[in-house]
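In structure tokens below, several structures.
Heads up, the next two complexes both have chain A, just with different partners, chain B and then chain C.
Presenting the complex of A and B:
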């Protein structure tokens, strides 16, 4: 927006776009109300209080848009001039509230303005994060820093309700198409404040939205499946996690390397749990070499090496939020080791002592016979080993056929 | 500004005396054995009771009705003294005396928190008060889930425990210079163990506030629980501080059920038997095998003359949450 030379230019531009009310203009206008756009850097747009309407430029007769634009200038002032991100966040919430009350609720059979709304929500999330950082760094700050995200979630949820109840609009003009984008916004907020349980009704609503799903933007569908997959991984629902993350990965454009990498960070552990190990070249291509050693150790059944590899790359895995998920790889690594020991022994009745020796060889020294029985019992109960434990004989009796079935065939949920 | 210098504001003492609302624990020695309406208030023992304030907050938010931090500290100390004087509380838990003290202390601590909130007490003072009262709530939570305590209301107690932990956690999280008590920190995570799949992630976020030993302990217990490693979990459980064992009451209940399912599948043949003493040890039951036998009854299993149980006889059933025998240790 380098052509903007004054506030008047800015208002004129918005006014012009507001005349032709269509989705494309909505997208263009969303940039003019964004905190990321070039216009936000112009000091003449960073206005504390824009003053009385009759003494200044205004946006045609559109009172609601006029108020939103003025509040946006106030946000720009607080972000760039006053450096008061807490006020900026509360002003952005006010914008969302006005948008909900004056536009989403009052304008029937219209949805061209949704791109503006999406942008406002994205900026609100960013401001909430910044406000939280300010509050956390301030000794006398808010006692509950999450409250910024919570207030943002509340404002977005109110808009969500408005959009979901827009059932009478013509197809193509319904505000219900905003459901998925808003669900994604809330997903991101709830991930931040660790309140994933609040997402259940939103996920159910998407599951039951029927033909509307095909009307959602592909970008929103990719994002939704990415978040859904992440949540499923934390909940231990591997099938759903695989399905969602695979969808996200396949439909994410090839040129969006960093997004594809983000998806892979969660997809790789899911695939590993299902017994599919990523190739070294794939890991290298997406600059995920931190996984290389872990993958090699899991393949080898080397529990000690898995621990060492996790410890070595702990900061990276924690930052990605998957360290604890990867810890669970110890179980399938033990299984690989037990499989190897069984192959060496070559009978269906394997002394538990042999497994214990195997564990010692890979550096695991803190497991005794009782705990070994417990570990194997878990693998049998999860159907990852077909057989039973003969406690009195201190043996594992395995099935003559397919005693170690493929992991993908036994991971049901 | 809070100005009330006694544990109970004088107006409340008068009001409750007039209306026969004195608790037995607040009555003079000479009157406490008579009927309730004849109790005479002992000013040294009177403690401000909890009252719902939402409808008329300003009525209660007066300086002379609010106790300042030192008085709140004194009040909490007094209340906890009453409770800790009970001696062997695990044995006493089913007694009427335990029930009435538990109910009294629980209510009066709630009123301490109410005063705390109304005068907007600072973070450090809040943490001090919470860390003082949390052990009472954690211990009674565990005890009341193991014994029948008439005055125990699971929902109310859970709400209060959650409230205390919530206030404590909010202050710790937002402050850079408060070092949390390690036992309370561990209990905070243990309490949520069975309900939050993302708990370990939170533990890593909380890590800078914890000593390495506390972090390792919490992480190890969590890992054992999430991987259903009942053997390792209960080995560690046995050597934990009693407060932490109480905080794991729900996890003990959950993990024992999972363990019975795993054992019944993994050791099952038509003739396979396991020594019940060994099983009791794996599942963290006390040496007294009678307690374990009551637990086994839930699964329709009776040990034979040699003290072995037939694995194939284990009948997997859903144990109700409020079941007492499956929480014993």
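Presenting the complex of A and C:
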């Protein structure tokens, strides 16, 4: 906002937008209360305790907004001048609390200000992260390591309650439409502090929200499906993970390449577990070549090569948070190895010793006969092998037809 | 945050600006890991099957039409192990 030359200009701009109380103006005003917007760089807006000044600008006839604007300038001061991210974070929480008490709870049949609220929450998440890294750099004990995220989650949850209980407003003006955006805000916080179990009631509320779902913004729906899919992958709910991540991938605009890539990082393992392998060109297009060798090794049934490919790109996969998930690819890779061994042997009764020979060839030496039987029994239970173990004879007896069904035909989740 | 330590830099307008810039950069960096905000909020929803990227997932990778190098080695190893080969 290069046209701002003074605090007065800034207050005028806010006040003008506050006259026409509609969603569009809410979006514009959200920028003026954002930490990312150009205005935040003006030193004349970075004022300590602006609200305490005797002669100051005011937002006329709107005390709540006036207080919020003053607190916002105090946040800007603490971020840019005082460099006190901890005070900045606690001030941002104060803003959210005022917003809840004076706006969300008091203004009935209005929701045009929700874009402002979304922005305030997003900035609070960023400030909490920064405050936390400041604090963890300062003191040794990390017993309170997550306290900034927790206080942020608490403030946002209070607002969530206000919004979901707004059941009397007419459609189009209800604050309930904020549910999905707030669920996404909390999703991101709980990912940070590893408390995804707290999302259960929020997810259930979205599942049961009925026709309201169609009123949510696409931006929020895509983000929600991305978070939901990630959670489902970690919970081992593969079909939910596939459905959610496919929705997110399909509906994420093509120009948002970096988000599409983030979706793929979780969608690829899910698809692989379900027997759908990403093509080399897809991986290359999205700069995910770290997966190429893993995919090739899984397809070939080479367990040793899978391990080596994972180790080679370990830092990348750990950064993405999927290293442990990818290790489970060993199971379907073993299945493909056993399929190859069975085809080479060419009968329906395969000596277990032959599978061990296969495993040793790929460098797996830590599996004994009992463990091998266990691996095979699991594959049979998952319907990935049609057959049974003849323990006495130390053989695997496989079905005459389609003993190793294609993975994509086996629904296992 | 490491950038806060820069505040001890020498005074003067230019030196004063640097730490501010660092804060902004930090913000960008942390957001790189996160799902980015969309530049627009609303667009048309696509139904199941209306994907841009069809044919990016292979289902039939399993029916081996050509024998890979690894399959050849496996066959050789099994033969050496005294297993009857079909």
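Throughout what follows, the second predicted complex is superposed on the first by the 403 of 413 C-alpha atoms of A that agree within 3 Å, B and C clash if a C-alpha of one lies under 4 Å from a C-alpha of the other, contacts with A are read in each partner's own complex, and residues count from 1 in each chain.
As a convention for this text, a residue touches a chain if its C-beta (ideal position, glycine included) is under 8 Å from a C-beta of that chain, and two chains touch if they have at least 3 such contacts.
The model shown is predicted, which means the values in this text are computed figures rather than measured ones.
*Asks:* When the two structures are laid over each other on chain A, do chain B and chain C clash or fit?
*Replies:* Because the two structures are overlaid on the shared chain, the partners are seen to fit without clashing.
*Asks:* Looking at A:351, would you say it contacts chain B, chain C, both, or neither? Reply first, second, both or neither.
*Replies:* The answer is second: A:351 touches chain C but not chain B.
*Asks:* So, A:235: does it touch chain B (first), chain C (second), both, or neither?
*Replies:* In the superposition, A:235 contacts chain B only.
*Asks:* Return first, second, both or neither, reflecting whether A:300 touches chain B, chain C, both chains, or no partner chain.
*Replies:* After superposing on A, A:300 lies in contact with chain C but is clear of chain B.
*Asks:* Counting touched residues of chain A, say whether chain B or chain C comes out ahead.
*Replies:* Tallying touched residues of chain A, the top partner is C.
*Asks:* Based on the superposed arrangement, let me know which partner A:130 touches: chain B (first), chain C (second), both, or neither?
*Replies:* The answer is second: A:130 touches chain C but not chain B.
*Asks:* Thinking of the overlay built on chain A, is A:323 touched by chain B (first), by chain C (second), by both, or by neither?
*Replies:* In the superposed model, A:323 contacts chain B only, not chain C.
*Asks:* For A:41, is the partner it touches chain B (first), chain C (second), both, or none of the two (neither)?
*Replies:* second
*Asks:* Which partner does A:378 contact after superposing on A: first (chain B), second (chain C), both, neither?
*Replies:* first
*Asks:* If you've got the overlay open, could you tell me the nearest Cα approach between chain B and chain C in whole angstrom?
*Replies:* Once the two complexes are overlaid, chain B and chain C approach no closer than 15 Å between C-alpha atoms.
*Asks:* Give me the intersection of chain A's contacts with chain B and its contacts with chain C, in residue numbers.
*Replies:* After superposing on chain A, no chain A residue contacts both chain B and chain C.
*Asks:* Residues of chain A touching chain C in their complex?
*Replies:* 35-36, 41, 79-80, 83, 85, 122, 126, 129-130, 133-134, 137, 188, 217-223, 226-227, 246, 249-251, 253-254, 256, 258-259, 262, 271, 275-279, 281-282, 299-302, 305, 336-337, 339-341, 343-347, 351, 353-354, 357-358, 361, 404, 406-408
*Asks:* Could you please specify the touching residues of chain B with respect to chain A in the complex?
*Replies:* For chain B paired with chain A, touching residues are 123, 170-171, 173-176, 197-198, 200-202, 204, 223, 226-232, 261-263, 265-269, 272-274, 282.
*Asks:* With touch defined as at the start, can you tell me which chain A residues reach chain B in the complex?
*Replies:* The contact residues of chain A facing chain B are 135-136, 139, 141-145, 194, 196, 234-236, 318, 321, 323-324, 327-328, 330-331, 370-371, 373-378, 380-381, 388-392.
*Asks:* Could you please specify the touching residues of chain C with respect to chain A in the complex?
*Replies:* Against chain A, chain C makes touches at 1-2, 4, 7, 19-20, 23-24, 26-27, 30-32, 34-46, 50-53, 55-64, 68, 70-71, 73-75, 77-78, 81, 83-86.
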